[in-house]
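These are the structures in question, set out in turn.
Shared between the two complexes below is chain A, which pairs with chain B and chain C, respectively.
Moving on, here comes the complex of A and B:
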């Protein structure tokens, strides 16, 4: 039991860390209030459910409607993966590539309507676009199966059932680590510093000849590509996609909670924030019925968790607006050299 | 028939958008919890109906008071942040948090109510309770009556009383109003209370035309923002204009498109309001009331 809980915590840590890192670049570094983060995760699911599944249906030549077609096509593929692990890994890589390309394109388009908008209008527009796409995906059964849901391939069909959770956790953590390295490298460049400058004062950045819109497009494209990878991993882990899972609360509000709890603009702080949230979330998920019956709560514990996390967010905003580990000033190598010289004297 | 539904919907949207615009003007907070305020109203009306057998129309005054309290609590929750001069993103996140707390409270309450009443109350409508007059639904008259009452009330308040002048002054220019000795704090408090009250009243009327679930608020918030933005977030009459534009176009355009492309299209109403909102933002970022019409006229005549 304990082992399973630890595995779940690590898995969710990996998935949410990927989402939060991308949000941290958009919101923590570049100052874009991306209240449509859920869209990028949904795009990852579309890449797996809408594109990869369709390719499989075409490849295996399954007839019939889309929703049942995915069930047959994925079970055929799972048989193939069970005998040949390379196929499973190939499908994983293909899914990640598809998701990041689609996320990149969607992210770049997503930000376009907001060319001239100030922060508040920008946030509202992003939220509205994300919510509208979510509604379309929910009610149109031909995209990713809507509220009925569709199957996705089990890329670890060759792993015995009891080890599957751990194997997948390993993969997710490995990818999360790669994403972390990617962002650390990317944001410690002049690009990362210009993003911070844009957050602090757009006019100054403009005065130095940088195109604000181009910076925003680049940020959102990269951020959405990474968010989509998390969405693809999540859909591959659960082996099915139900559009209801990609809500604003789950994939926009909670990532914001994690980023703000950990400390925006600080990737290590965000890791701490994600860990805190995920531990509470998984424990609540696992023990929700024990909690319900021991405390005699007359309603589903999910509502209680909403109230709890809402209050937690307000408390963070009141008392720890810069998070558990605040952002540190940037020290570039030339600055470091100068500091060393001064301290040596 | 379809126009009737569109007008009812627009009336309710005006009530909701008016509150959103009001609090945005006075405190600069885009309030994402506005949709959930309405659902609080819906559930209070449901409770009064189920437990005390009070017709939802008669419970509107109660809803007004309940909404006022909800609005007041929201303002008090935001006040520490406003005092600190928090950025607008932080304030938006705070209203998202309040929205989530309200959603949790409504969901929990709906299940408690189900246990008290003895049947599930997670989904409900009031449409079966409505009366008909001259072949029209009663809600058409009631919602229109509420709007007229509100407009007369607002007109008298804003243009005929001293408090109204102070209110308008602090909307136009808060810092100047403050130096003239106007208590800006009072006007902010007033705007939040009124905003909550109007939203709750709208929420009491909403079940007459659509099914309510605890998360309905998250859905209608798109239309509310679209209405306020299309009308212009900087001017109070913007909510009125925007509410009717979004309400009518969302209902009518979706209806005609569904006639052309099949009933599957009906669920895309929110997409229509989103498109209108984005077009407005691209052409006139400050909404219809933010457009300098004299300039437009000049441009049209010279070209």
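Moving on, here comes the complex of A and C:
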């Protein structure tokens, strides 16, 4: 039991860390209030369910309606993967590539309304766009199966059932680590600096020759590409997609809380924020009924994690607005060298 | 030689005519000052020149190129930079970072940022330059302080420093010494003079004529969105300042 809980915690940590790192670039660094973060995760599910599944249906020549088709096509593929692990890994890589390309394009388009909007309106607009796409995906069963759900390939069909969870957790953690390295490399640079400058004061950045809109488009394209990777991984992990799973609470508000809790603008801090929240969330999920009956909670225990969200959010914003590990200045190698020189004098 | 010229700039805010046919000419290497009471349109004029507001009529020429209503980010590439009436420091960033934003590094493109050799050489150059400028402004000891923790005067110096990072042709300053202690105010203008020696042109809006007068080459007086007097050189400036119209405005204030 304990082992399973740890595996679950690590898996959720990995997936949420990927989402939160991308949100940290968008919101923590660039100051874009991306209340539509869930959209990028949903796009990852669309890449797997809406595109990859359709390719499989075409490839295996499965007839009939889309939802049943995915069941047949994926089970055929799973047989293939069970005998040939390379196929499984290939499908994983293909899913990640599809998700990041689709995420990149959607992110770049998604931010265009910001050309005319100030910060608060922008946040609300992004939330509204994200919600609209979510509802369309939910009630139009032809995109990703909507509330009915579709099957996705089991990229680990070759792994015996009892180890699958751990194997998938390993993959997710490995990818999360790569994403972390990517963001550290990308942001400890003049790019990270100009994003922070944009967050601090747009007029100054404009007066010094930068095209704000272009910076936003790049930021959101990259951020959404990464968010979509998390969505794809999640869809592959659960071996099915149900549109209901991609709510704003799970994929926008929780990541915001994790970023704020850990320390916005600090990738290591965000790791801590994600870990803290995921541990509590998983434990609450696992033990919610024990809690309900021992403490006699007079409501459905599923609401506990939402309540925890609200309380934590208020506490952080009130008492520790810069998070557990506050942001540090960006010190590029040449800055470091010069600072050493000065302090040696 | 003329570097900047505006021709009959008109700017409305709703029905209010903030600028009513303003034509000025700024000579290369001069310190040109625009004075006038509150609401006379000085800030509006330089916001139009620097692209932060769009003119409803009229033209702006810089080095004989039409730059009317271009975006601020584009004007930067023509060699025009500006400071703001209320300092706009990047508060959560260090003084050094604030200066480095003054110049564009190829590493600001995400794809370049991933490869050190695409941006490190430029970064080294920029860091050297930033520290030289900090030394010139006597701010070296503050390089790692957050800009939001500085005094108002120091913030203004940081803004000037940032402008210097770009090797600009012209620096436009909106009230550079408003709210600054007289000692530091003279420091700021001594820096302006040193930079002028290097060939940089200044266009400045300022209230505090008492401090600024001795540093300027060219004076415009604005009132109700119009230029009402102009003088270049010590003699003419003196004449402008004893002009009854000008005196009335200033004493009226």
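The working rule: the second predicted complex is superposed on the first by the 345 of 345 C-alpha atoms of A that agree within 3 Å, B and C clash if a C-alpha of one lies under 4 Å from a C-alpha of the other, contacts with A are read in each partner's own complex, and residues count from 1 in each chain.
Everything below uses one rule, namely that a contact is a pair of C-beta atoms (placed from the backbone, for glycine too) under 8 Å apart; a residue touches a chain by one contact, two chains touch by 3 or more.
Since we're looking at a predicted model, the values are computed, not measured.
Visitor: Output check: A:253 vs chain B and chain C. Expected answer is one of first, second, both, neither. What do you get?
Guide: first
Visitor: What is the contact status of A:204 with respect to chain B (first) and chain C (second): first, second, both, or neither?
Guide: second
Visitor: Determine, under the contact definition given at the top, whether A:311 touches first (chain B), second (chain C), both, or neither.
Guide: A:311: touches chain B, not chain C.
Visitor: If we overlay the two complexes on their shared chain A, which of chain B and chain C does A:238 touch? Say first, second, both or neither.
Guide: In the superposed model, A:238 contacts neither chain B nor chain C.
Visitor: A:290 contacts which: chain B (first), chain C (second), both, neither?
Guide: So A:290 meets neither chain B nor chain C here.
Visitor: Please work out whether A:132 is in contact with chain B alone, chain C alone, both, or neither, and reply first, second, both or neither.
Guide: A:132: touches chain B, not chain C.
Visitor: Looking at chain A, which partner touches more of its residues: chain C or chain B?
Guide: B
Visitor: Just which bits of chain A does chain B share with chain C as contact spots?
Guide: On chain A, the chain B and chain C contacts do not overlap at all.
Visitor: Which stretch or stretches of chain A touch chain B in the complex?
Guide: 27, 31, 33, 35, 113-117, 119-121, 123-125, 127-129, 131-132, 135-136, 139-140, 248-249, 253, 256, 260, 298-300, 302-311, 313-314, 317-318, 321
Visitor: Give the list of chain A residues in touch with chain C in this complex.
Guide: Residues 185-187, 189-194, 196-197, 200-201, 203-212, 218, 222, 327, 329-330, 332-335, 337-339, 342 of chain A touch chain C in their complex.
Visitor: Using the touch definition up top, name the residues of chain B that touch chain A in the complex.
Guide: Listed in rising order, the residues are 28, 30, 32, 77, 80-81, 84, 86-90, 92-94, 96-101, 103-105, 107-109, 111-112, 115, 218-219, 222, 225-226, 229, 264, 267-268, 270-271, 274, 277-278, 281-282, 285.
Visitor: Quick one: in the complex, what on chain C touches chain A?
Guide: Counting only chain C, the residues touching chain A are 50, 52, 71-74, 76-77, 81-82, 84, 88-94, 96-97, 100-110, 112-114, 116, 119-120, 123-124, 126-128, 131, 140, 143-144, 162, 166.
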